[in-house]
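Letters are used for the chains, namely A, B, C and D, taken in the order the chains are written, and counting of residues starts over at 1 for each.
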Amino acid sequence: MWFASDNSGPAHPAVLDALVRANDGYSAGYGAEPAMARVTERIREQFEAPQAAVFLLGTGTAANALALACLCPPWAGVFCHRHAHVEEDECGAIGFYTGGASLVLVPGSDGRMEPGALAAAIARKGGAVHQIQRGAVSLTQATEAGAVHSLDHLRALADVARTHGLPVHMDGARFSNALVALDCAPAEMTWRAGVDVLSFGGAKNGMLGVEAVVFFDPARAWEFQLRRKRAGHLVSKHRYLSAQFEAYLADDLWRDMARTANARAARLAAGIAALPGGRLNHPTEANEVFAAFPRAAHRRALAAGAQYYLWSFDDPAGQTLDGPDAGPVSARLVCNWATTEAEVDGFLGVLRAEKITQRA
Amino acid sequence: MWFASDNSGPAHPAVLDALVRANDGYSAGYGAEPAMARVTERIREQFEAPQAAVFLLGTGTAANALALACLCPPWAGVFCHRHAHVEEDECGAIGFYTGGASLVLVPGSDGRMEPGALAAAIARKGGAVHQIQRGAVSLTQATEAGAVHSLDHLRALADVARTHGLPVHMDGARFSNALVALDCAPAEMTWRAGVDVLSFGGAKNGMLGVEAVVFFDPARAWEFQLRRKRAGHLVSKHRYLSAQFEAYLADDLWRDMARTANARAARLAAGIAALPGGRLNHPTEANEVFAAFPRAAHRRALAAGAQYYLWSFDDPAGQTLDGPDAGPVSARLVCNWATTEAEVDGFLGVLRAEKITQRA
Amino acid sequence: MWFASDNSGPAHPAVLDALVRANDGYSAGYGAEPAMARVTERIREQFEAPQAAVFLLGTGTAANALALACLCPPWAGVFCHRHAHVEEDECGAIGFYTGGASLVLVPGSDGRMEPGALAAAIARKGGAVHQIQRGAVSLTQATEAGAVHSLDHLRALADVARTHGLPVHMDGARFSNALVALDCAPAEMTWRAGVDVLSFGGAKNGMLGVEAVVFFDPARAWEFQLRRKRAGHLVSKHRYLSAQFEAYLADDLWRDMARTANARAARLAAGIAALPGGRLNHPTEANEVFAAFPRAAHRRALAAGAQYYLWSFDDPAGQTLDGPDAGPVSARLVCNWATTEAEVDGFLGVLRAEKITQRA
Amino acid sequence: MWFASDNSGPAHPAVLDALVRANDGYSAGYGAEPAMARVTERIREQFEAPQAAVFLLGTGTAANALALACLCPPWAGVFCHRHAHVEEDECGAIGFYTGGASLVLVPGSDGRMEPGALAAAIARKGGAVHQIQRGAVSLTQATEAGAVHSLDHLRALADVARTHGLPVHMDGARFSNALVALDCAPAEMTWRAGVDVLSFGGAKNGMLGVEAVVFFDPARAWEFQLRRKRAGHLVSKHRYLSAQFEAYLADDLWRDMARTANARAARLAAGIAALPGGRLNHPTEANEVFAAFPRAAHRRALAAGAQYYLWSFDDPAGQTLDGPDAGPVSARLVCNWATTEAEVDGFLGVLRAEKITQRA
């Protein structure tokens, strides 16, 4: 019953096997190994983007910050949702990597910027030299609240950006989960919708630790490589990154894992919503469930060894253990490819105060 | 009828005379000239702060950014009002000088952070390594909306900061105007209220271009000097800065000029408030007037050569010239030591559509 | 015959096995997994440093830059050898991570700073505010020229640093190779000799990609963690780093691998030195051989598929393929734990123009 | 007898008068005042560069650092003389402003880079992603050693830069002194010789404190303005900067002052060279004298109240007061527009141990 994060789960055996196989013998490094060429080729195919530049590195924070540093000059702002990962969970990485650019926070429900609010935020910046200039737009797919932008919503946001000549970055830490939720082609959810650069996540979806950055226009590829190197994110034994990603993209493994994670989250969400005192705080559209349920149920879950975070973007009270049994807590529960139906059902049973015979 | 800014007006003759006298002969530079020692001594006396470290430089943006860079590490946030000068008018200077620190915006009316909102904002930051840490609190006295924090309000904000161990910076670009408004001692409005570092403005109050940074605790004085030097803000012919400041502090010139500016603003505010369709958008407590009046009156004022900005923090519509004559515009009008009663009255006459015989 | 780099070779099977085992089930991340506590404990034991703070990350460049950013303020200089990795191979990472600190280059043979030259370089910096201040000393063990500082040499350099109150960083990308070369205790080669912070390399000695940073004084541990996080070097699925390092330290694997690599390099060096026209450009004291040999031999080696770099710190001519057969080339050849005696001997045979029957 | 620096002297009365006149009444600021348009026009005429973008600010360090930040990306190096002001006297300003770019030091006598050494330094950088890339070339005219590059020398350095596609910056803190020394047109010494951006000094040549930055190609003008603003170097009451510069350029004042300063330095140099034990350490080609003379003479000069620095780029011993009377000291003596022949002759008399009747 481990729902703390999608990075708490194991890597998929096929990914691990690929890594073990990649260990054989000598190899060029720093991305010059043959597997990296194959990864680039495969991503270009999958995204129908024959010119795309593809780079691998170890964390999502680095992927986001390096990508945005290529898009947004130091004196400008990145427009993002007020609860975006770049704002709330990266300890100021964007400020560091850009040399002091700002995040300009935009409201909107369920982690999605509202297009009108984005337009208003952009309108308030730029102009005279005294002001922060307009840099880039960064959106998160799936969002930090477990929702998924529809293709129309993506296009609407990108249109606002385009109107002001701003490039669009997509934080796709949970890209695969969003993709299978929309059941669309990768190109539709990215460059055809107006996305210029994608952080294409891996660690949250069954890899050990690798993310891709995809520039659909390769013009800034060399700048990215220099930024990556001087940030210490160019890995010498790069074959272990490319091997993971090659396995990820083979046989649709990436989509299969995401589908499983999403299905488990849907099952979990339905179960909680059906509880007395249970409700969803945000729609469950990918692999994360944001839900409220009685504190008494939460205490039972903790006692049974369940792992998850109390989490509310706007309700501090819902995140505290202290309080009346009947009062609600707000929690985030995350599923991954390895989450089983039995775990979900067992957890729901604990919430319902069913007797459980063993800890998952 | 020039109300565009307090930096549109001339320097006071006494300041200019001091600068001319300082030109005589040879002098050590970089603050080693004798006049700088006198300025430091005088500021220590005026602020009852015998240990204070005092530095001069050329702009308020530099004063704020260098001071805050000494207080706030790169991975932390500066808590400030959402319309603070550091947020709206310095093109990201804080991000540049700190190496990527964030501004965390706090609401509150009339440019004053609401203490509870400050406490809530601080509570949301810090903690785990993933989050932006808590760096410093910066408040503006007088505020960007022309208001003045009471001593109680200052102490309440500083208390919130102290509770979390955060240092307090005061952006005193209009420090003198606030001081005479409160009619209190400089120490009361600064270190006794909990302020650690002050940007003590000069250019907006009758000097050519010099600001002081005052560290009430000199522990970071050497760091400040190194930061100032590598930012190119250590002036070689420093005698021209110290001469200005010495004249400023002599014979209460700084307070006299501020009193005049405030009195003119009060007269202007009263006149606009008495207009049909006139009202104040913010209280006039220092030398700035934020007011709304009919667009027709605005058009007359423009035609008569009056200089000021349409300005509203939240009402974009009030800042446009296009619109019905009876609709209101929102404006900022700033007085300085050289503003005359005749100018104020002449301008009010134009707004009232009185016939004017000559342009001020 | 792959001598291009010690990061061209495979990871050791024991390291890989540990990583595979670590994949089982769910785990806390970000270093909170139990294996990280064991790694810290083991490093403290091995280094006789019960207070040491230990952190893992993915690359040596990041280890060096993050460590030095904690030691050297932006307005100061890092004193290092003129051919140090931080100067020649990290694309300005130190400038990026420190916010603009300088590298002050110090001469000395075989990659070792000469203590008198270090003292002179330090003496030339610091003092007035106009100058770059004195920040930290960084030395490399084993050096970039394949040499190893004796304990006396280390102490002499650290003494110079101490005299000026400067902290000492050791770039130990090849720490293990140096350690077994000196056959001393880790404490002797680090904190007892005056080293404050160590970049303890892993990737070049049989791991997939993990480095440790060891602060012998934990005072700056929290700052390091914040810097690591905002640089995107805090890995979510951290168990894969700690698992590698735990295996590395178990059963003396780290020393065994280093001993093998050093022995192969010694064999290779001896063989080249015995060639007609062969000589060593630097003493072979760890696992790297810097040697010159006739261009004709180099051409045979290339034709036979051998992999290594032409490499000379000061002789560009020796790095070009074009030239007379009898003229010398200068090369760097690196051995790792997986290098076999047969590979070495086969390569020497090619250089000697012996007939070879198959490509290694 | 004040030869400490050219910034120890007073501003020229004509400059001061212009500043006083500029104080009259109200004015737009931030460079929007009419005088700035006239300054731009006048510089364009003087430099025969009708497209040039011109900006004013307060210090030479800021001028250099802001200009170079527009030319050199963070991951690259600025090639400059090993004793350039940007290296020795700006406390790392280039690293700060560029976001971590390096200075790559190039040897050459008398503060002039040797073209072959520049070419070699450039050749050693760039290429693979691991290395610092090639950013810009910065040269100083007149040099930090009091010499002046000939037009041929300038062209030779710029040719090397052009070969590698690098832009050229000229630190012209003593531009006027060099210009009158060469007796050429400003265009010849700048853009016709291959200079892209000029720091055009003022404070060292009779102004209170203002420098111009001249971009001969205006493509980066907007970027410069944003960088200047966020660095706090955009002055609000800008009229006091433009007034100074307008007076400077009127009636050839800038050249007249430089000619006087150079003539005084020539007289001083000749006098010292003629002393027993006197010699010039560098040729005196502008307004600075670098000379050695007996320590006994130095002691007499100090006793007589003369002001100058012991200064040697490579001979620390020559910079100490302690030592035998007959041993030489090395000194830097700087003349400015206000230096009189009587001061020079009086000082020479002291060195020669003539009896002096009064202190200058």
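What we mean here is this: contacts are C-beta pairs under 8 Å (C-beta built on N, C-alpha and C of every residue); 3 or more make two chains touch, one makes a residue touch a chain.
As the structure is a prediction and not an experimental result, all values here were calculated from the model.
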item	value
B-C against C-D, pair bridged by the larger set of C-beta contacts	C-D
Furthest chain, CA centroid comparison against chain C	B
Euclidean distance of C-alpha centroids - chain B vs chain D, Å	35
Separation of mean Cα positions, chain D and chain C [Å, integer]	42
Distance between chain centroids, defined by C-alpha means - chain B, chain C (Å)	52
Residues of chain C engaged with two or more neighbouring chains	74-75, 90-92, 95-96, 99-100, 129-130, 133, 226, 229-230, 234
Of all residues in chain B, those that touch chain A in their complex	74-77, 88-92, 94-103, 123, 129-133, 316
Chain C-facing residues of chain B, complex	30, 73-75, 99-100, 129-130, 133, 223, 225-227, 229-230, 234
Touch list for chain C against partner chain A, complex	2, 4-5, 7-11, 16, 19-20, 23-29, 57-66, 90-93, 95-96, 203-204, 208-209, 226, 229-237, 240, 307
